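For reference, chains read A, B and C in written order, and residue numbers begin at 1 within each chain.
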Amino acid sequence: MKKEEMREISGNAQKDGAALKALLPAQDILCFHFADGAGRNAVCVFADALTDKDLLAEQVLRPFRAYAGGAQAEEVAAHLLSPEVRVQTSFQKLAEEVLAGNPVLLWDGGDAGIAAGTKKVPLRAVAEPPTDVAIKGPREGFVEDVKTNTALVRRRLKTGELRIEMLTVGRRTATAVALCWLEGTCRADIVERVKKKLAAVDIDGVPDSSYLVRFLADRPRSLIKQVGTTEKPDIFCAKLCEGRAGILTDGSPIALTLPYLLVEDFQSGEDYFVPAYRATFTRLLRLFALLVAIYLPAFYVAAQIFKLQLLPIRLLLTIAGSVRDIPLSPSLEMLLVLLVLEVLNEASIRMPKYVGMALSVVGALVLGETAVSAGFVSTPAIIIIAFSGIGLYAVPNLIEETSVLRLLMLLVAGSLGTYGIVLLSALVTVALTTTENYGVPLTAPFAPWIARDLKDSLIKSHLLSLEMRPAVLKSPNKRRLK
Amino acid sequence: MTLRPRQILFFLAAVAPVGKLVLLPAQLAGIAGNDLWMPALAHLLFQAALIFCVLLLARRERTVLSLIRACAGGGCAASFAVLYALFLLFCAFLPIVEQKVMVRSIFYDTIPAHLVFAPFFLFSAYLACRPLPALGRIWDILTPVSVVCLIGLFLLSAGSCDFGALAPAGAAGKAGFFAGTAAAFSRFSDAAFLLPLVGRFRYERGFAAKGVLCYLAGGGVLLLFLAVFYGVFGEIAPLQSLAFARVGAFFPARGVVGRIDYLFAFGLAFVMAFYAVLPVHGAVGLVCEAFGERKLLAPLLSAGVNAALFAAVYLLNFYTVTVVSLFSGTLFWVFPVFGALVPLLLALLLGRRRDRGGRRAE
Amino acid sequence: MSKFLKRLPAKLWMIVCAAITLAFFANDFGLVDLQETALVLAAGIDRDGEEFSLTAQIAVPKGTDRTTGGTSSVEIEGRGATIPECLSDIYARTGWVPKLVFCDLLVLGETATRGDVFDCLDYFLRNEYIPDACLLAACAGSAKELISSASAIDDTSALALLNLFSEAAQKSGQVVPCTLREFAIGYFGESRSGYMPYVRAQAQEGSEQGAGGQGAAQNAEQGQQAQKVYSARETALFSGGALTGVLTSEETFAFSLLLEKVYAGAVTADDKTYVILKNKGGAELVKGGVPGLALRVECKVQIAGEHKAAPPDELAAGELSEEEEVRLSQTLEEHIRSLWQACSEADCDLFFFRRSLRRASRELFAKWKELPLSELDVRVHARAKSLR
């Protein structure tokens, strides 16, 4: 620990201000020297861009200049107009406050420093998240500020049972993390385990909630997703109401929920605002799209190389006509088209919008026309990959996992054929069914089979049938509809 | 972590019958002709009785090894574990060979290299060292797969099936029945497979009866499949070695939609892959329990056992017919001796609850 | 040690991935992909003494630039002592691996049907990659000529022939298709009998060239070839695997009626054509004394056309008079008798009498299994009723 951190507040504003500045030597940390109503020297240390100077002047400096009372910190704090005032005695704590955007006040004769909550953070407005657009239902999305996000949650859950515990994670970033749960609905052991895991995080920085995912998962190195994510407060609150714990991370609009079930990603917020039959159809459609996305390229390759009978003869002859002059083997052709799609996808996401249009034109022309007419790839291969690509986005929260799985399926299909696909599917099934997070099996309610929970799985029953919370979460408060 | 009783029922009803659809139907048709269902029925009834005994043993809610250990000491339990594990591996061999035949035939249009089956052993090695709940949850997944695929195959084969081919009952005579029964011993070891699972699930009141009912329900589906199979192929049934991949091939829309029956056949092959690994899993589990070490021993043992099975299967690559006739003919007695006598004896000797004074069994 | 074991799964996983990737790029398990495959659509088999000749009609895919419909094909002949040898011959001569997974039609030439057809068909039954659902047909003359002929209705003769055996054609009662499975069941069963459509090709008047495609181009090189139309209204009868008789088109129709396959099929009697709208029929075993067969047909019919003009009210009703019903019933009975006559002459147990006997009773079967078909007590009953 540095010498300055060890020092105690001396009661000399000049010295104390200098000590604090020594801890924070950056040029954007400013010291403002002035005198109070009794003529005592005072210094205000604050981070230039993070502090709302108008608020600082109005709520802290103006009342302190007029103040001529005792020098005790409690007395001073009582005269300030800021509603958020903290008395800190250690330089380390004072430095943290300054870095968080809260100005620190030191004065002659003072026994402590005072931090005032006049932080000013540049914020994005609450808007609909681009990854989870709803036609019906709420359009609010989380933003990067944890306080705004907790407010969005609190606005929806006006109950004393909602607990929000603020934690700090990251040695250097000191990222604020809000752990939210509904007392009496979420299992206490889940909350305790999350707290323990967060407390055990020892990392330089947490720039985004995705960093925490690895620390919260039971199998951190697994390819399988183990923590739920959402950008929408309504979904976040619904999950809290089911008995999950939620984590909001400062600097990230993505909220995490635990424990996670695979089936969650086949559900969308909108499912609860449309009739049950429609929601069921949409969920099954998502599953179908995902299966098509993963298996279609693989089966296409396997059918061409290993098992022609998978295709009807007329279709096979059409395909045979298309691939007749293609120089690549079916598997390499498919791999090439898949890689091109991934590259285009990656580029179109990262590119500025005005270049994106040009990229789309190039992509469409190169892929759709030129490559086919040049005889590099065949038309069916492009159709298959296009269909697969579209299917993948039917379940956007699983894109990372499913795109890897699609590639693996393609590799085994090209090397072992249909049997490879069956074996890899079996392996994935084993891996999925054996994955548990916080004692909750990932593949519930299908494996283990929980008949009651099927009502809101791939099937969506009528709202009035969903009387109980998911049994798999073992919530202490089982009934949600009375 | 343990199994749930429901998962055992799912296994008995939906997974166990699927493991018998590869070579057995054609083999039985070759031996017993139109009476192919009779030996199967005899085995189903016999196995149902054995399963009843094994499930009664599960009332003690202790594993077989711990029961033996309590009764006859650790050495005896360890010896039993090793011997019974060897028997389970013996049971596993034929289904794996069947898998190999199936893979080479239904997954490819031309005869592939023998090596294409090698990845099965990687899968087997992986699954065999997984904890028991993995198996249970997989059975939860396999049950709907198996039901859907069987219904699909039944529907596709309905149009070309002539149940009249099964008449007259008893045409094969006693000789056909007994020969068929002897040959089928190698495929009916379900009670033996359940033995390592005893004590790994909570026994509920009436569970043994439920288990028997589920097994018989699954057996009913097996008998129906055998009937459909013979109804479709009649006199040429003995030539159709991969029954489940053949019965659905005659639906009228085949020319338009392609061989969609293969999707159902692949689904069943998926289920069979797990069924074939079950005895290997049981063997690994037993030895690990006997020597009190799972975390380290299970992966090593699983790898070793699968390497040995791999070597054996590939050494006998060109002797498939010999292997099948060896297991179904010369060595058929091994199955009833270990697969029936051992569970029966254990149930008789260890199955009684000692504490009838109201205290729950340990 | 424990550190090694901890990292072992990851290492193994990487090795497996590497092996799969290697196999993916090497991609050689002795397998043949689509581009190296000859997709055999149909095969014709002839016999030349001890040698077989197999003519495979191979689909030639058209490129994507082609906008014309249909499928082009070439016919390649292979010869050998066995069918596999014929296929090897084709492979050796073309470099294409003939795949029979899509072979939906096997045509047996006259020479092949003189002896036991299972001399050549057993290969298709043995081979697990060939579906037993492929259709069989016998033909007048050489199967090679039939397969190689230029069809007037399709670029590919196999597809034109398969049209003859379609579901719709079956319902018309003009053809009774038979799959390899059905034929084999009959052959290996107690009856040792079977049937298959008997195909004849007739030159289409005024045509001299095939409809197009590579096959037709090949034919053009060999000289102008007349386009052919095919007929499968006759049915070949087999006993002990050899062709022993051929049913006429009327007998084939009667056979269709007995199989309950006719729907909207037309039959002509006394210058009137009737359409059959409901068909019940079957051959039942009659026990007691010398066993026999009861061949029964019942159908609901309507007048479809007459030789002379009819008044509008008759046209609208299309009903049969009682006299017409009786006459049509008699005509159908005659066809069925003629059918049975043809079967007994050919010693073809077309209605699987012996099989029915075995299914009915082991004792009866043991007693009567050698009974010649001609000595069977056959009762024929046909009844046509007007749709009212």
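Just so it is clear, a residue touches a chain if its C-beta (ideal position, glycine included) is under 8 Å from a C-beta of that chain, and two chains touch if they have at least 3 such contacts.
For clarity, every value in this text was computed on a predicted model and none was experimentally measured.
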item: Co-neighbours of subunit C and subunit B - touch as defined; value: A
item: Per-chain Cα centre nearest the global Cα centre, belonging to chain; value: B
item: Distance between the centres, which are taken as Cα means, of subunit C and subunit B, whole angstrom; value: 40
item: Averaged-CA centre spacing for the pair subunit C and subunit A, given as whole angstrom; value: 63
item: Rounded Å distance, subunit A centre to subunit B centre (Cα mean); value: 45
item: Two or more partner chains touched - positions in subunit A; value: 306, 308-309, 313, 416-417, 420
item: Contacts with two or more other chains, residues of subunit B listed in rising order; value: 108-109, 112, 116, 255, 259
item: Where subunit C touches two or more other chains, by residue; value: 29, 31, 99, 101, 104, 131
item: Footprint of subunit C on subunit A - complex, ascending; value: 221, 304-306, 308-309, 313-314, 316-326, 329-332, 335, 372, 378-379, 411-412, 414-417, 420
item: Subunit A-facing residues of subunit B, complex; value: 4, 6-7, 10, 103, 107-109, 112, 116-117, 119-120, 123, 126-127, 130-131, 133-134, 136-138, 140-141, 143, 255-259, 262, 266, 269-270, 273-274
item: Subunit B to subunit C touching residues, read off their complex; value: 105, 108-113, 115-116, 122, 160, 164-165, 167-168, 171, 232-236, 239, 241-242, 246, 249-250, 252, 254-255, 259, 296, 299
item: Footprint of subunit A on subunit C - complex, ascending; value: 10, 20-21, 23-25, 27, 29, 31, 33-35, 37, 39, 41, 59, 61-64, 66, 71, 99, 101-102, 104, 131
item: Residue ranges of subunit C in contact with subunit B within the complex; value: 5, 8-9, 16, 29-32, 97, 99, 101, 104, 125-126, 128-129, 131-133, 167, 179, 181, 184-185, 188-189, 358-362
